[in-house]
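Heads up, the thing below is written out as structure tokens.
Labels run A, B, C, D, E, F, G and H following the written order; every chain starts at residue 1.
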Amino acid sequence: MTLKVYLCGEIHTDWREQIITGSKAAGLDIKFSSAVTIHEASDAAGDCLGQEQNGFWRDHKSAKINAIRTKTLIEQCDLAVIRFGEQYKQWNAAFDAGYCAALNKPYITLHSEALIHPLKEVDGSAQAWATTPEQVVEILAYLLSDQLS
Amino acid sequence: MTLKVYLCGEIHTDWREQIITGSKAAGLDIKFSSAVTIHEASDAAGDCLGQEQNGFWRDHKSAKINAIRTKTLIEQCDLAVIRFGEQYKQWNAAFDAGYCAALNKPYITLHSEALIHPLKEVDGSAQAWATTPEQVVEILAYLLSDQLS
Amino acid sequence: MTLKVYLCGEIHTDWREQIITGSKAAGLDIKFSSAVTIHEASDAAGDCLGQEQNGFWRDHKSAKINAIRTKTLIEQCDLAVIRFGEQYKQWNAAFDAGYCAALNKPYITLHSEALIHPLKEVDGSAQAWATTPEQVVEILAYLLSDQLS
Amino acid sequence: MTLKVYLCGEIHTDWREQIITGSKAAGLDIKFSSAVTIHEASDAAGDCLGQEQNGFWRDHKSAKINAIRTKTLIEQCDLAVIRFGEQYKQWNAAFDAGYCAALNKPYITLHSEALIHPLKEVDGSAQAWATTPEQVVEILAYLLSDQLS
Amino acid sequence: MTLKVYLCGEIHTDWREQIITGSKAAGLDIKFSSAVTIHEASDAAGDCLGQEQNGFWRDHKSAKINAIRTKTLIEQCDLAVIRFGEQYKQWNAAFDAGYCAALNKPYITLHSEALIHPLKEVDGSAQAWATTPEQVVEILAYLLSDQLS
Amino acid sequence: MTLKVYLCGEIHTDWREQIITGSKAAGLDIKFSSAVTIHEASDAAGDCLGQEQNGFWRDHKSAKINAIRTKTLIEQCDLAVIRFGEQYKQWNAAFDAGYCAALNKPYITLHSEALIHPLKEVDGSAQAWATTPEQVVEILAYLLSDQLS
Amino acid sequence: MTLKVYLCGEIHTDWREQIITGSKAAGLDIKFSSAVTIHEASDAAGDCLGQEQNGFWRDHKSAKINAIRTKTLIEQCDLAVIRFGEQYKQWNAAFDAGYCAALNKPYITLHSEALIHPLKEVDGSAQAWATTPEQVVEILAYLLSDQLS
Amino acid sequence: MTLKVYLCGEIHTDWREQIITGSKAAGLDIKFSSAVTIHEASDAAGDCLGQEQNGFWRDHKSAKINAIRTKTLIEQCDLAVIRFGEQYKQWNAAFDAGYCAALNKPYITLHSEALIHPLKEVDGSAQAWATTPEQVVEILAYLLSDQLS
């Protein structure tokens, strides 16, 4: 059993690296994926198709190109981990959670206690709520334990 | 053709009333629906099932009961209007947008120019972006115009 | 908004009547449905197709005829209430819960505290756990409250 | 043709091992999978996310983490074998059967004659009912026989 | 609960009328539907689109027009009754049974004992096998009995 | 049986009116629908959301608003009639045909012999090809004939 | 591109071998599959689960076990070839065709001119009708030709 | 992450080769596929099944055989690139775009500015509009950039 895990959300801390490093250290058979996490590259994803004067359309073009990747990876994954930081709106992360929920695709949220109330709907459809990357690794290790030989 | 329209998001301004009143004034054949929009009632939706000491579980129970209503209405609607205000996280609104997107259910966003950038993924899957309730009514009127007799 | 509610499970107490009576008293716009709840009739559903010597096949024929009704009603309902009593195996109730879960159809469980542990998987996919019919009525009343006019 | 078989249900006897050993002895090309079958580990699956005072929530967290694994494996399998022992409620096994049925995923039940009547709905949607692991192996061998070269 | 029942198969005996008359006599709330059952009209369904020299294409055009009706009715029905007579190939009836099975749509077969062996796959996915229209009416009456008031 | 028929494609001739008038004259129980067929209104559907300097974005906004209506009507219809005239690209009509095909929704094409070769893929997934509105009415009349009483 | 082709239907002639041999000779990258084609083994598929006195149930058990294999292979294939011989009812082949049609899974029929009329509904949903295994091989070769390098 | 890209549409210029060559030069991990792009072979795909006097049926047979390949490849791809040239009707390309849209499968259009208006509905459901193969390669490179190690 190889687990395909999509890592979604906050790009300002190293939570992805912590989960990946922790999983490798634990010898877990997992394929991780994510959106393009370089902020400037992501915002400029559509620029190659021509410059826009209107900020809305520049964002629109980039968002739709990014969605090719994110939708595909969400549909292919077995599990998503969706991270919310203390700052920023991060509506894309909540959007991806809703996308998972509608597809009956399991996801785990990763956020601090401070965000419990505003995230209650997102947590309500989640399979688990974790506060640290270590907890996520522990869950992943559990999910891959005790396999039939 | 009766249009079923789900009104989702911000509960602190009267945008729902404006859209409903405007649609009635225009004689549009629309059935509107929404989540329970009374904040205290919504937060307390699960309290009848027993008090919780832990805030997470109180929120969890209420969120899941609210989801019975919101999921059902989203799946039954022909179109959702998803409103983001300037304040608050409103992750539930972005969650519902993602839910719509995964179901191939069309939605219109309603928000000011100030929110263009953080909402780019949500707008990227939307059928339209409006900034005022009047615009939404105008679109609804258009959608119901020119019907075969 | 008319809610279609499927009442599933235990047939030895009057929990269905309590929910229906309570909902009527509260003036709720709900259409209730259920499997055939007359035990002998249900067990004999297939007898008209010819007698069986083998108990397995008698049960098999009846179970499949009953499934015509239960599958149809589950697929048509907006919400299921799934009741587990203290006695009997009631595997059909758990089966229906799994059926709902796979269809992303919301359900509420109704059972005493004594059954928490053996029902943890069934409760894990439920939208709520109630212990009394009154609580179920209260949730139904909430779900139908605060409607757009 | 490699068959993916999910082994579901009772964890107190060695029926899984018998099926796996028998299949290996018969040289069958099968990938078996199952939930985590270590009872204590399964019950404690969510403990790493924080201790709960309330037994319901402890069970809830663990059940939802276990569901990540079980839902994924059910959706990926070609066939499930669902075992009911004489003891315990085993509602999770019936839940998984319902989940399979709704997905049109074939399953075989494995139980003694004593359980025919209470399992009639579960058997009614099954592709076969076996009473011994040997019979299951025989069916698996048949399913993989006579392949086109 | 109104049941939508699609009557499929043999057009040379009056089994449809028997079921409809029997259901009316029993006061059952059922909407029956079927393909066009006038043989010549059915074979000529496509003739208005231009004559064909080649018999295959004449049949092809008619079959595809008939399929508009039959697919729509199968998808809308709650239950299909599929009748096989002693004569003729009646492959369209078996085709419709397979169509139902793939959609998880319940169906009952209606045929004599003489056809058990060649119909074993069709019966294998059916919810019931009846030998007379009276039995079908009895099942329909059962399915509509004991409704919640 | 009420048939819901979506009329799609060419807006420069009165083929819709011919089909509707013919169907009424024949007393057929059909609900017709279509996109907004007023060319200028359709092209301007998004103008109320703000003027665009770039022609692409003006078209884009209008197309997405029109898609709310067309997708909804296609998904709700039982049958689509897709008309191609001799002139113009009419890629939206071919697009709608593909949309129908993917949803397994039956459609009839309506076009002259001159367009057989370029429309071969569109016709290949159609249930019928007609050359005149009268033929379409004849098919509709046939589909609604011989109903069970 | 590897094509997965399911070979379904008649078991009394060597049409499967002809297609497989022809495809190998042409160097085609195809994985063929089929039901168990040994008649006696197929009829006895369920005998290991216990003897039945009633012929219906013996057939029933075997048919359901065979369906585990056939449903799985149909759902996994890219294309089915469905063969009807001159003799026998072969309702299982028509059933499988209907199953394919409902899943939007393409299939080719293989039968003589003598069967055109009774197979018109089955052919009506097919992608092609062939009369010889050589033609099927030719189509398969075409489908795998001209690949991007 | 290997991307499966389906290249659809115009066959008179070398845009496919440009995209493939450009992607190889950039070292991108992509599996490209397409319909059979040899015009004469495609038109003659059904000829092996017997000659037709009527042009419609010749086209029909070939179109349906080609659809086996195109539907399969569209359903298997992660992304489609749909090219419209200045000439010809190219209704099959618009049909494939609609097919993608209904399946929620992302696609990019590739066409000149001259076709903006007639392609507005096709572009309205696209994730991006490119005017040169180089832009498509740039997008593909972006989609495969920044992968988790």
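The rule is simple: a contact is a pair of C-beta atoms (placed from the backbone, for glycine too) under 8 Å apart; a residue touches a chain by one contact, two chains touch by 3 or more.
Quick caveat: nothing in here was measured; it's all calculated off a predicted structure.
Q: Using the contact definition given at the top, which chains are in touch with both subunit E and subunit H?
A: Chains touching both subunit E and subunit H: F, G.
Q: Which of these, D-G, A-B or E-G, makes the same contacts as A-D in over half of the contact pairs?
A: Duplicate interface of A-D: D-G.
Q: Go through E-G and C-E and name the pair with more C-beta contacts between its chains.
A: Answer by contact count: E-G.
Q: Just send me the rotation angle from a CA overlay of subunit A on subunit E, rounded to the nearest 5 degrees.
A: My answer is 180 degrees for the C-alpha fit.
Q: Averaged over CA atoms, how far is the centre of subunit E from the centre of subunit F? Could you give it in whole Å?
A: About 30 Å separates the centre of subunit E from that of subunit F.
Q: Quick one: subunit F and subunit H, Cα centre-to-centre, how many Å?
A: About 24 Å, centre to centre.
Q: Can you compute the centre-to-centre distance for subunit D and subunit H, using the mean CA position of each chain? Integer Å is fine.
A: Here the centre of subunit H sits 43 Å away from the centre of subunit D.
Q: On subunit D, where are the residues touching two or more other chains?
A: 64, 67, 102, 104, 129
Q: Under the touch definition given earlier, write down the residues of subunit D that touch subunit A in their complex.
A: 7, 16, 20, 32-34, 36-38, 41, 45-46, 48-50, 61, 64-65, 67-69, 71-73
Q: Looking at the complex, which residues from subunit D come into contact with subunit G?
A: Touch residues, subunit D against subunit G: 1, 78-79, 104, 106, 108, 127-131, 135, 138-139, 142-143, 145-149.
Q: For subunit C, which residues are in contact with subunit D within the complex?
A: 55-56, 59-60, 62-64, 66-67, 84, 88-103, 113, 115-125, 129
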